[in-house]
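Across the two complexes that follow, chain A remains constant while its partner is chain B and subsequently chain C.
Right, the complex of A and B next:
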């Protein structure tokens, strides 16, 4: 029982970080039909920005701010202006291929510039482990879970309770009409890209102390975020959250109770099961598209 | 003077010699007309008569080949659709224009909120921009109160048309352009919509321009009707005059 509790808590902690990436993924899809297959690399890269800042002798908090700024600029503004805007008029598929290429470019660039070895990344939260009802629960896991949930909860509140959030929803649901009503749709789409970059930075700073900063970190993360988004329902923030948490927990459970070797197959099995049994995702709604 | 009857003052909408050419086809040919405050003008014509093209030229979504439009004396040349909304021009759409996953209340608030406040108040001001009361009044006016917190996408087609209408009035516009409001709406809902539009016109003096090919709806709603055929105005007058006009009968019956 204690072991199960421990597995579930650390699964939720990992899952909440997947959820950050998955939420960004669905936001980009909703706002601009961008399926970002570089999302994993988007989570990998900010950690290196932070390491560069630390290399200049900045304190950790300042390096994180620098990382956030660089991410907003590169993963937010430059990604939208240089890749999405020129490619989107050619259709979703060319853009998907462009994001795959971007992911490779980011991965290989980090490998060239920073090396292939995993870099230690300073812990933000204490590494203390407490014994709760016989289960070892790390403060880091709990803090990661809390920070991720606060970020996603804050985002949800922002989207549903503010004027700008309402404009962002409207821009995603019916851009032509939103524009006619006076909503600055282009600006709202830009906000979405900035939010995605910020979520990726948070995920990066939370996950790198655990897995270390490595050029190849994005490979699994991107895939897991994509699967989490589909499992939860591609058109819903709540869905991406549930999908991320679910994959985190299933991943941990299967590593312990089924087989560590088949661990990375579990998200795939879940994906196939969802596509067969509930293609709109756990919380998703059916979406009609005219062609 | 009664402010709620068409006044003799400057027109609220003036269309000057608009033509629109698509390749070799002249969809609209030298059309001019004026609409005065408080009027309900119907713009009718058989399919392909150029009424949608003309409508899009008026709204600045198509650039006319020649001619121009003025709303309250200001040219709409090069005006973005969003600016038109800020100029007090409301419109409804032929296709449904609600935001399906937002509540009816949020839909209606959204239609008005971009007219209010500054950049700072958008970020830090009241989330509803102080518009909940006004939005609720319009929701009640269009008899949608039971659906206030329902996602707009789950309402019937006719109800969504009413939401669309409530949204068009949210900016407190002086003029509302309705694009085929009767299309696909059942008879009961249509009677409701017509009665609500007439009441709003009577109470607020709002001007309407209605594009429609449901003749009965236009005849019973509008105070003046312009008939287009092959891109030109072939008749203009009261519903009674239009009903008995031989050219209109011929255009509609293909005579």
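Right, the complex of A and C next:
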């Protein structure tokens, strides 16, 4: 029982970080029909910005701010202006290919310019472990869970309670009508890209102390975020949250109770099952068929 | 066909026959591998360029083909039989995989195939008794035909060329049949295609399954070419590579996949002098190409050609009518 509790808590902690990436993924999809195959690399990269900042002798908080700024600029503004915007009129496919190539570019750049080995990343939260009902629970896990929940909760509040947030939702649901009603759709889409970059930075800073910062981290992260978004429901932020937590827990449970070899198969099987039984996702609402 | 096209095709064929003569082993090997990836990319082009569905499991299908062929030829069965089994199993798997995914529109096939490719990789790696695990399978024999051995690289190239030409002819036949025209109709205007009585789902499913079967053939050729297969050669990244071939060449163009395969296979060789940076340059080039010409290289070529060609002004009202 204690073991189970321990597995579930660490699963939730990992899952909440996946959820951050998955939420960003969903937002991009809603705002601009971008399926971002580089999402995993988006989470990998900010950690290296922070490491570069630390290399200049900055304190950790300043380095993180620097990382956030660089991410907003490169993963937010540059990605939107240089890649997504010129390609949107041509449909989703070229954009999918471009994001695949972008992921490769980011991965290789980090490998060549920074280093191919895994870099230790300073922990933000103390790594003390407490004993709760016989289960060992680390403060880091709990803090990760709390920070990601706060970030997602805050985002949800922003989207549903503020004027800008509602405008963003309107432009995602129906850009033409939103435009007629006086919403600056282009700017709202830009906000979405900035939010995605910020979420990726948070996820990166939270996950790197655990997995170390490595150029290839994005591969698994991207896949997991992807699956979490679909399992939860592609058109809901709540869905991505639930999907992320679920994948985190299932991943940990299957590593212990099923087999370590087929650990990474479980999320895939879940994905196929969801597509078979409930293609709109666990919390998703049915969209009309496009044809 | 116009006589000019025929002459050009004839010249291309002669070039393909003469290409490996007098070349070193490595170049002949690379050319064979280009032929094989062209077949695979051609199959994906049917799914992607003609039926408009993204499949991220083409390398997975090559894997199925390669492992079936390897296991059967190692057991002493002739390559032709093994290849037949590979192709039909890929077709069957394609049907099974596509049937649920295509119930829903959007890019669900992309997600299902992505998961399938990853699962397949895990199965290939973990089921060691059958697949040899991460050590893979070694020493597949190259086939004999009527006493002619394809053991030497040059002979194997000609064997691949024959397979390639058969595949091209089959694809040409499919696309020219009324049935292949239905694929194009689907891509251009699905609603109109359906209103004319086409069963969209059935057509798309068949396109995907046939495309997968081409992947199976390519895999069946890869096993004897490389004579060593391991799960890593059929991972998701290779599926993305084949997808890249189709899109870089120009999806929906008949010769797009061949051109794309050539670029994707040869460019790393050309950029070798940049050492570790070649993947970076390569990725950046792909992004630039996609931004400026989403129809790939052939699309870019067409655009430039149209700029210089004297224009014939089409009736605009007719154009409008076609779109309705």
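Worth a mention:
Just so we're on the same page, the second predicted complex is superposed on the first by the 288 of 291 C-alpha atoms of A that agree within 3 Å, B and C clash if a C-alpha of one lies under 4 Å from a C-alpha of the other, contacts with A are read in each partner's own complex, and residues count from 1 in each chain.
Keep this in mind: a contact is a pair of C-beta atoms (placed from the backbone, for glycine too) under 8 Å apart; a residue touches a chain by one contact, two chains touch by 3 or more.
A quick note: this is a predicted structure, and the numbers were derived from the prediction, not measured.
With chain A as the common reference, the superposed partners chain B and chain C fit together side by side. By the touch criterion defined above, A:180 reaches chain B but does not reach chain C. Rounded to the nearest 10, the angle at the Cα centre of chain A between the centres of chain B and chain C is 90 degrees. When the two structures are aligned on the shared chain, A:257 is found in touch with neither chain B nor chain C. Which of chain B and chain C touches more residues of chain A is settled by the count: it is C. Of the two partner chains placed around the shared chain by superposition, chain C is the only one that A:109 touches, whereas chain B remains out of contact. By the touch criterion defined above, A:61 lies against neither chain B nor chain C after alignment on the C-alpha atoms of chain A. Once the two complexes are overlaid on the shared chain, A:35 sits against chain C while remaining clear of chain B.
After overlaying the two complexes on the shared chain, residue contacts for A:170 are found with chain B alone; chain C is out of touch. In the superposition on chain A, A:130 contacts neither chain B nor chain C. The overlay of the two complexes leaves chain B and chain C separated by a minimum Cα distance of 6 Å.
Touching chain A in their complex are the following residues of chain C: 48, 54, 100-101, 103-108, 110-112, 114-116, 118-119, 122, 126, 190-191, 194, 200, 240, 243-244, 247, 251, 276-277, 279-280, 282-284, 286-287, 290-291, 294. Remark: chain B residues 80-82, 84-86, 91, 93, 97-102, 106, 109-111, 113-115, 117, 122-123, 125, 127-129, 167 touch chain A in the complex. Partner chain C is touched in their complex by these residues of chain A: 35, 82-83, 86-87, 90-98, 100-102, 104-105, 108-109, 111-112, 223, 226-227, 230, 261-262, 264-265, 268-269, 271-272, 275-276, 279, 287, 289-291. Note for the complex: chain A touches chain B at residues 161-164, 166-167, 169-170, 173-174, 177-184.
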